[in-house]
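First chain written, first letter: the chains are A, B, C, D, E, F, G and H, and each begins at residue 1.
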Amino acid sequence: MADKAVMTGTYFMNGDYACCEGALAAGCRFFAGYPITPATEIAERMSRRLPELGGIFIQMEDEIASMSAILGASWGGVKAMTSTSGPGFSLMMENIGLGICTETPCVICNVQRAGPSTGLPTLVGQGDMMQARWGSHGHYEVIALAPSSPQEMFDLTIRAFNLSEQYRIPVMIMADEVVGHMNERVVIPRREEIEIVGRRKPKVSPDKYLPYHPDPDGVAPMANCGDGYRIHITGLTHDERGYPGMDEKTQAQMVNRLIGKIVNNRDKIIRTENVYLDDADVVVVAYGISARSARQAVRDARARGIRAGLIKLETVWPFPEALIRDVAGRVRALIMPEINAGQMVLEVQRCAGGACPVHLVSHLGGSIIHPATILRAIEDSIKGKK
Amino acid sequence: MADKAVMTGTYFMNGDYACCEGALAAGCRFFAGYPITPATEIAERMSRRLPELGGIFIQMEDEIASMSAILGASWGGVKAMTSTSGPGFSLMMENIGLGICTETPCVICNVQRAGPSTGLPTLVGQGDMMQARWGSHGHYEVIALAPSSPQEMFDLTIRAFNLSEQYRIPVMIMADEVVGHMNERVVIPRREEIEIVGRRKPKVSPDKYLPYHPDPDGVAPMANCGDGYRIHITGLTHDERGYPGMDEKTQAQMVNRLIGKIVNNRDKIIRTENVYLDDADVVVVAYGISARSARQAVRDARARGIRAGLIKLETVWPFPEALIRDVAGRVRALIMPEINAGQMVLEVQRCAGGACPVHLVSHLGGSIIHPATILRAIEDSIKGKK
Amino acid sequence: MSYTIMNKEKHILITGFGGQGVIMAGDILGTAATLYDGKFATMTQAYGPEARGGACSAQIIISEEEVLFPYVKEPHVLICLSQEGYAKNIGSLREGGMLILDADLIQARKISSDIIAYDIPATRFAEELGNKMMANIVTLGFLAAVYNLVGAEALRKAVQTSVPAPTREMNSRAFERGSEYGKATLKSRAKQGRLARD
Amino acid sequence: MSYTIMNKEKHILITGFGGQGVIMAGDILGTAATLYDGKFATMTQAYGPEARGGACSAQIIISEEEVLFPYVKEPHVLICLSQEGYAKNIGSLREGGMLILDADLIQARKISSDIIAYDIPATRFAEELGNKMMANIVTLGFLAAVYNLVGAEALRKAVQTSVPAPTREMNSRAFERGSEYGKATLKSRAKQGRLARD
Amino acid sequence: MEGLIRSERLPHIWCAGCGIGTVFGSVIGAIQKSGYDLNKTAIVSGIGCTARMAGYIRLDSFHTTHGRALPFATGLKLANPELKVIVVSGDGDLLAIGGNHFIHAARRNIDITVICVNNLNYGMTGGQLAPSTPFGAKTTTSVTGCPEEPFNFCYLASACGAIYVARWTSLHIRRLTNSITEAMQKRGFGFVEILTPCPTSFGRRNKIGTALETLKFYHERSVIRNDIDPKEAPIDFGNNIVVGKFVDTERPTFLDNYQLSCKNLIGDWPDFEGTIVPENQAG
Amino acid sequence: MEGLIRSERLPHIWCAGCGIGTVFGSVIGAIQKSGYDLNKTAIVSGIGCTARMAGYIRLDSFHTTHGRALPFATGLKLANPELKVIVVSGDGDLLAIGGNHFIHAARRNIDITVICVNNLNYGMTGGQLAPSTPFGAKTTTSVTGCPEEPFNFCYLASACGAIYVARWTSLHIRRLTNSITEAMQKRGFGFVEILTPCPTSFGRRNKIGTALETLKFYHERSVIRNDIDPKEAPIDFGNNIVVGKFVDTERPTFLDNYQLSCKNLIGDWPDFEGTIVPENQAG
Amino acid sequence: MKYWRKPLDLESIKASRGKVIIVEDRCKGCGFCIAYCPRDVLAMSQVFNARGYHTPAVIDESKCVNCHFCEALCPEFAIFSIEATEAAQGKTARSRRKHK
Amino acid sequence: MKYWRKPLDLESIKASRGKVIIVEDRCKGCGFCIAYCPRDVLAMSQVFNARGYHTPAVIDESKCVNCHFCEALCPEFAIFSIEATEAAQGKTARSRRKHK
């Protein structure tokens, strides 16, 4: 291969591997991780691929160390990633918070298995969706994406890196065991066709630089360690200089900006695929692997003459509030399939605000939801059975 | 003192200490913890009090170990507790999940400070409320209580132990820095006046015992280690025997029961204090330290002729859905003060289902919300300003 | 469930123990279909906690169109390399479907007559060729001969690009051995009509 | 903010450095009010990351009724044991309020005439009595003499039950020293009228 | 022996030739031999192939989270000191993610017997490098050879204060059983490491090969050196695999000292009466 | 020196008599002495009084989470090997919650200089016991005396493979500065421990008393013993506080070996040609 | 080749006569018992068991000294030795399932 | 008593003359400089600084040998010594803030 980083071509590849290729194509050159089913293949492939590209792979002693190490690497000026599954994701939470508070670009891929606890290590779940939003202490906003195919594992990993650099935030890829382990066609485009967002570097000299003084979009340019800016970075509440400020005013400024830079750029961050929304009587909202079943069910419903539509969430956090609110006012029901006992559906309910009923199609983990189950829910909702 | 465990009497005591006295009165005889502001005083007092009662205090190497150790101690047959604040709470998440999955009674007191990350270590926050619900991977239900005074730190710690034994679940006390560090009158009743729930032990012989075969209320009797039942306990998805079952059926059974034992007993678990709800035009929903400001604001509003009411959540999880839904249909607005950017208010919004507007009064951390701010929100909501 | 498989989809289920190369066989099938036959394919796997010896399976769907739901519930082709896999899945095979099993490893029950059943001593052949682990490739060779799912050439290519370079030669022999046995079987079948094992 | 303090509440703010016993003084005040004077009281504390030497304060509210909002924004009584605490809080003292400060540690600005200001060399007294750390107790003795917030007997009791047993004797002396100085100050004030420092 | 096995759960998940099964038999043998009340004997494990032992033994048994067997066991033991608590753990479980608990439990001298199956890699997740993986060995996360030096677990245990430290291979089956029995019969933190083949995840990627070949290799290179400082007993595959009982000593357990402290009997610190070197050399 | 201090942030938070300030001065002195490009020198800390050093030094500096300075620093260093990375950490930060990262970073020989201020307790949270608290010492969580034996950090560091290990008190100020400079100038995991007074949280609960009294005590009992096995150099307050430079050696760093592995130059494992003892004793 | 088969625990072997019982369905064919039997009692058979493994067969039971080493080493609890009585001597090993 | 004041780093002391500068507001009165000055140049004063600490005072600057030991030991960066020049010799230490 001429271009070792961007393996242009067509592959029959699993999602975990596609995630690696996405990362490498996006410029990731540092990976710290700890094996865990069903994310292990990501670490394994990275351990083979990074040395070919002059990058660093290190298997750390645990997930806490892995998360810390990628934060350090990011400040070292290198795009960095880790991958894990539920138990490791839980362990990473404290340092994901540090990443958010210090505004450190990096990517975490969580290949979800069924929980709680050790659960079903080799089988699928979507039970960490709310954890992605709320798993670390304190209040903050996040960006999380949900791929539903190996191809999306590739595409969304690139997007995750881009968003993380654009908004200086750890971005989470909320994959799942099926997407991770499933082999499917993956097309890797040519390097020139891939959009890459680089780090926004300071334009002022070190003596004028304020590490947390934002540009108009709420995001501050970032000096790397070693660039001569002599930055101080802390997880304490800090002011624009990066210095601790132990008072409610500094706290409000900092937290407002951390939240604002995501909320105010929502429209640029959120992507959904909207199918048949124009005339839909009932709309299925779905993400990740469940979105495939949902799409099939919507097709089947249409085949049976039911005006069903689909909102496929590519971005799961921030949540597309406005879209759901809007659609809820126009349809007879919203339906959400999830491989959990109802997580994102709570947001759908909240945003629907009573404008239409919202039905959950739940599977508690171990396998994916059959399209027929969703189809039945669509039919029932139209009949007003539920 | 005659009764070393129940220090009957009246005290001017801070909330952290009151929490200890509640724990000891409830029968707690094991504490494993790791210091962290503003929860350190709990560990410190436990380190002095437990030796007097023949109990064990151990300072572990970190919060992960502390959480693991109390699970072990609980299986050893002893009521056990740990305490922490945000960063430590994040670290505990994985093993809280183990406690939930293995149905291990124990209590975790989180004295919240302002986050994210290290944030304001010595100042108040209420930013971990959603983390309490969603902080560990996989889907499950929790019980969490929110005290708003040192007296409630005492009372609710006892209740936490009782609920944890009753429902075999780790119970979280979601305190905060102000409640923890504030001194106030604490009345410790006589031992006879304190209701204590003991462990529900198996009534069958070891060969007939199924560790996860529930009584009609969904909770299974629990044999302690050393009782001769030769139990096997695992965080893997398990059947009634406690044996791993790596299939979706076992998963569904287990998770449904873990969720069901809480959801189906909701009415017994949820406690709220409802003030002036009968004729209220606007109702403030509040918890923890913010509930004191809310109560003051409601009094002030009444003094100004506004028919304001208060729902004070003593139980924050499970959330009183039905109550909120009901009240939302009867009032002109719901108002929620929180020391975060809006967490429990999302639940209020969801449950209100559009029946009335729901307003957040937010403080981002560092101090508590002034009653006047809430009063203004009450006034505005009546004027329909917001 | 009243749900029907998309018209243009072919569902294949390969079952066996961890370590038999079940997943690899699925991978090769999918690769052949996707890369060398211009089709769509998905391959999902199911396995337990065991690293070796546990039940595992590969589910492959090959189609002219994008595949959405990737599970195989009622396969058109069921390949069994273990007794357990056979026992668990034989009931799911759809009417008129095809069963391929390694008869050295599996004692089959009476098989309903609307099933096309083949038996190949894949493990024994593989062992004879130098490595028991190539039973999967033998089986693929057999499949290529008896069922027109993906082109034999596509499969051959996929085998060559999927196995470790030093073992290409050996695997190629394994594939041909299976293929020949398949052709021979077809011939004898043509004479005898369908086989109903006892 | 248009908010008014509950009628029956008295708000006290004690400020100083970590290590001066500021919190302990607040604790003793609250204990005296709650346990020995039958009142309601809350004490909240504010401190920074420093273990010693950082600004810290105790906010005490004493009332006939349950106290809800526990912060002291505009104290009736401000006790200052540090320059920083003085500078930061003097503006919040309410009209007609009382200021008590350790003049060895604080250089006060011109104080508005509607404030009752006292100055006591509490740290020096404490040092003389054997331990600088008892400045807080000296100050409490002084407060007991000059302001009828909680009964002096209640305060005495609270001091005795709050300090470590071996230091009771010493602290008792510190309290009385402050108290005497307070009485003496009151007497001389009675002669001179209010003090306006320059 | 069969009575101590949850035979309704057989076959176990371990691969053909995996040494864990052998060690499991040895653990069961030692438990029987030790003579403890079986109703008061508990097994705690984390997560991994080795950790699955807890699921096959008919005793109170706890299969907890990855790396956390020791703190869980600490809570269990301290809550009910009557229990004899055994921890079974893989090298990764115990000393990668669990390393901190290991050093602290050893330092505190918690009365627990720790059995570590060292198969030189993470078996359960398919063969990644572990803190035991020999320099240069091939794993799925070090395909061109492991770039890290491994720990000498026995040295680490002893440096942290373990009162019993031994190492065997799974071929030293009777010595191993004796060692586990001895460790159990002592009060305090005992540590027994067992080198085992993991043919599936480790062996097939390295020249060490099948389980049988691995045992042969271990057999050839093992030398027994009892009582030597474990610092001098690294597992040096290029030369000798030193096995033996390295440490067998006594010191008060955490609980002993805790009980003293409860009675305020720990004594004064610092001891100003202590001997100091005659000539003050600090300068 | 003042140029390296963020003097706009003074006064610092450390208490009167706290040894951290002294050590901070020493660290700054060593950084200047070492001659590294200051724009390529970075400080990483966790959380604690000691960890606050990162906030007062005018270098790229990272105040991370409690216990995680080392993995953060590992990422930083590996991502940009040009950097000289120094970790400053309290005893609790480094060896209670951070213990696992410590042993693994030492084992891997990550090229980082680790400076540990050992004040025998958790200063920042007000004086709880730490893995350094002497047996019997009083802390807020061991009011009747600490029931745990402390680690000998230097022994642990050396057992895990640190290439430079030294211990001083904050009174050995020039030797300390030299040691930090030496450690920085080496490639690999260097560890310097400094015993310091914490009068506020530790001293006042123990007979060791004020900062000045503590220094006096350290002075009286310190003996310098360079090059001895740190195993023989416990901090024995009852007798001697052994200080000195204990280890000063060389071995390839993680990065050295990683780069070898990238080029597939690590060599074969196991080495079947290795010497085995003449007589096979395994039996 | 003979050398490395020397059992590690020879000292504990009693010179009695043994009978070997193989639970075929548990066996995973690792060959430990065969390789480490001090008396070459066992050899690998060509049959597959239900899980696809070749299992050991007793080739000369008269040589068995009932040392239990095979039993102790077997990771599967699939082989046992018992004291051979006159009566038992004649019978073949139990528990063998028939396969073609 | 004298004994333990012997500085630990005597060897590096140059026998020049020094001038001591105390930044009073930084000082926290720990007394290190006083106790460990090899020449007894300093003593504790009775004044409080703004933060309530007693600070050291120079009692006999002529004895100062500019060894910098006070400077190195001071945890607060509050004391420095410089080479005494004829000119500087006369002046008193800088940076002292007045308190009553």
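Note that contacts are C-beta pairs under 8 Å (C-beta built on N, C-alpha and C of every residue); 3 or more make two chains touch, one makes a residue touch a chain.
Since this is a predicted model, take the numbers as computed values, not measurements.
J.: Among all other chains, pick the one whose mean CA position is farthest from the mean CA position of subunit B.
T.: If we average the C-alpha coordinates per chain, G ends up farthest from subunit B.
J.: Out of E-G and D-H, which chain pair has the most contact pairs?
T.: Higher C-beta contact count between the two pairs: E-G.
J.: How many angstrom between the C-alpha centroids of subunit G and subunit C?
T.: Roughly 36 Å separates the two chain centres.
J.: Per the centroid of Cα atoms for each chain, what is the distance between subunit D and subunit E, given in Å?
T.: 59
J.: Can you check how far apart subunit B and subunit F are, centre to centre, with Cα atoms defining each centre and the answer in Å?
T.: Spacing between the chain centres: roughly 39 Å.
J.: Could you pull out the residues of subunit F that touch at least 2 other chains?
T.: 11, 14-16, 47, 63, 65, 96-97, 99-100, 104, 126, 131, 142, 144, 172, 219-220, 254, 258, 261-262, 280, 282 - these are the residues of subunit F that touch more than one other chain.
J.: Quick one: which residues in subunit B touch 2 or more of the other chains?
T.: In subunit B, the residues touching two or more other chains are 51, 61-62, 64, 87, 94, 98, 117-118, 121-123, 234-236, 244, 246, 367.
J.: If I count partner chains per residue in subunit H, which residues reach a count of at least 2?
T.: In subunit H, residues 8, 28, 51 touch at least two other chains, as defined above.
J.: Report the residues of subunit G in contact with subunit C in the complex, numbered from low to high.
T.: The touching residues are 28, 48, 50-52, 99-100.
J.: Which positions of subunit B touch subunit E when the two form their complex?
T.: For this pair, the touching residues of subunit B are 29-30, 32, 51-52, 54, 56, 58, 60-62, 64-66, 68-78, 80, 94-95, 98, 224-236, 243-244.
J.: Looking at the complex, which residues from subunit A come into contact with subunit E?
T.: Residues 34-37, 40, 43-44, 47-48, 51, 57, 59, 61-63, 87, 117-118 of subunit A touch subunit E in their complex.
J.: Subunit B touches which residues of subunit E in the complex?
T.: Against subunit B, the touching part of subunit E is residues 6, 9, 38-40, 42, 44, 47, 54-55, 58-65, 68, 70-80, 82-83, 100-101, 104, 254, 258, 261-262.
J.: Would you mind writing out the residues of subunit D in touch with subunit B in their complex?
T.: Within the complex, subunit D contacts subunit B at residues 1-3, 26-27, 30-31, 33-35, 40-49, 67-71.
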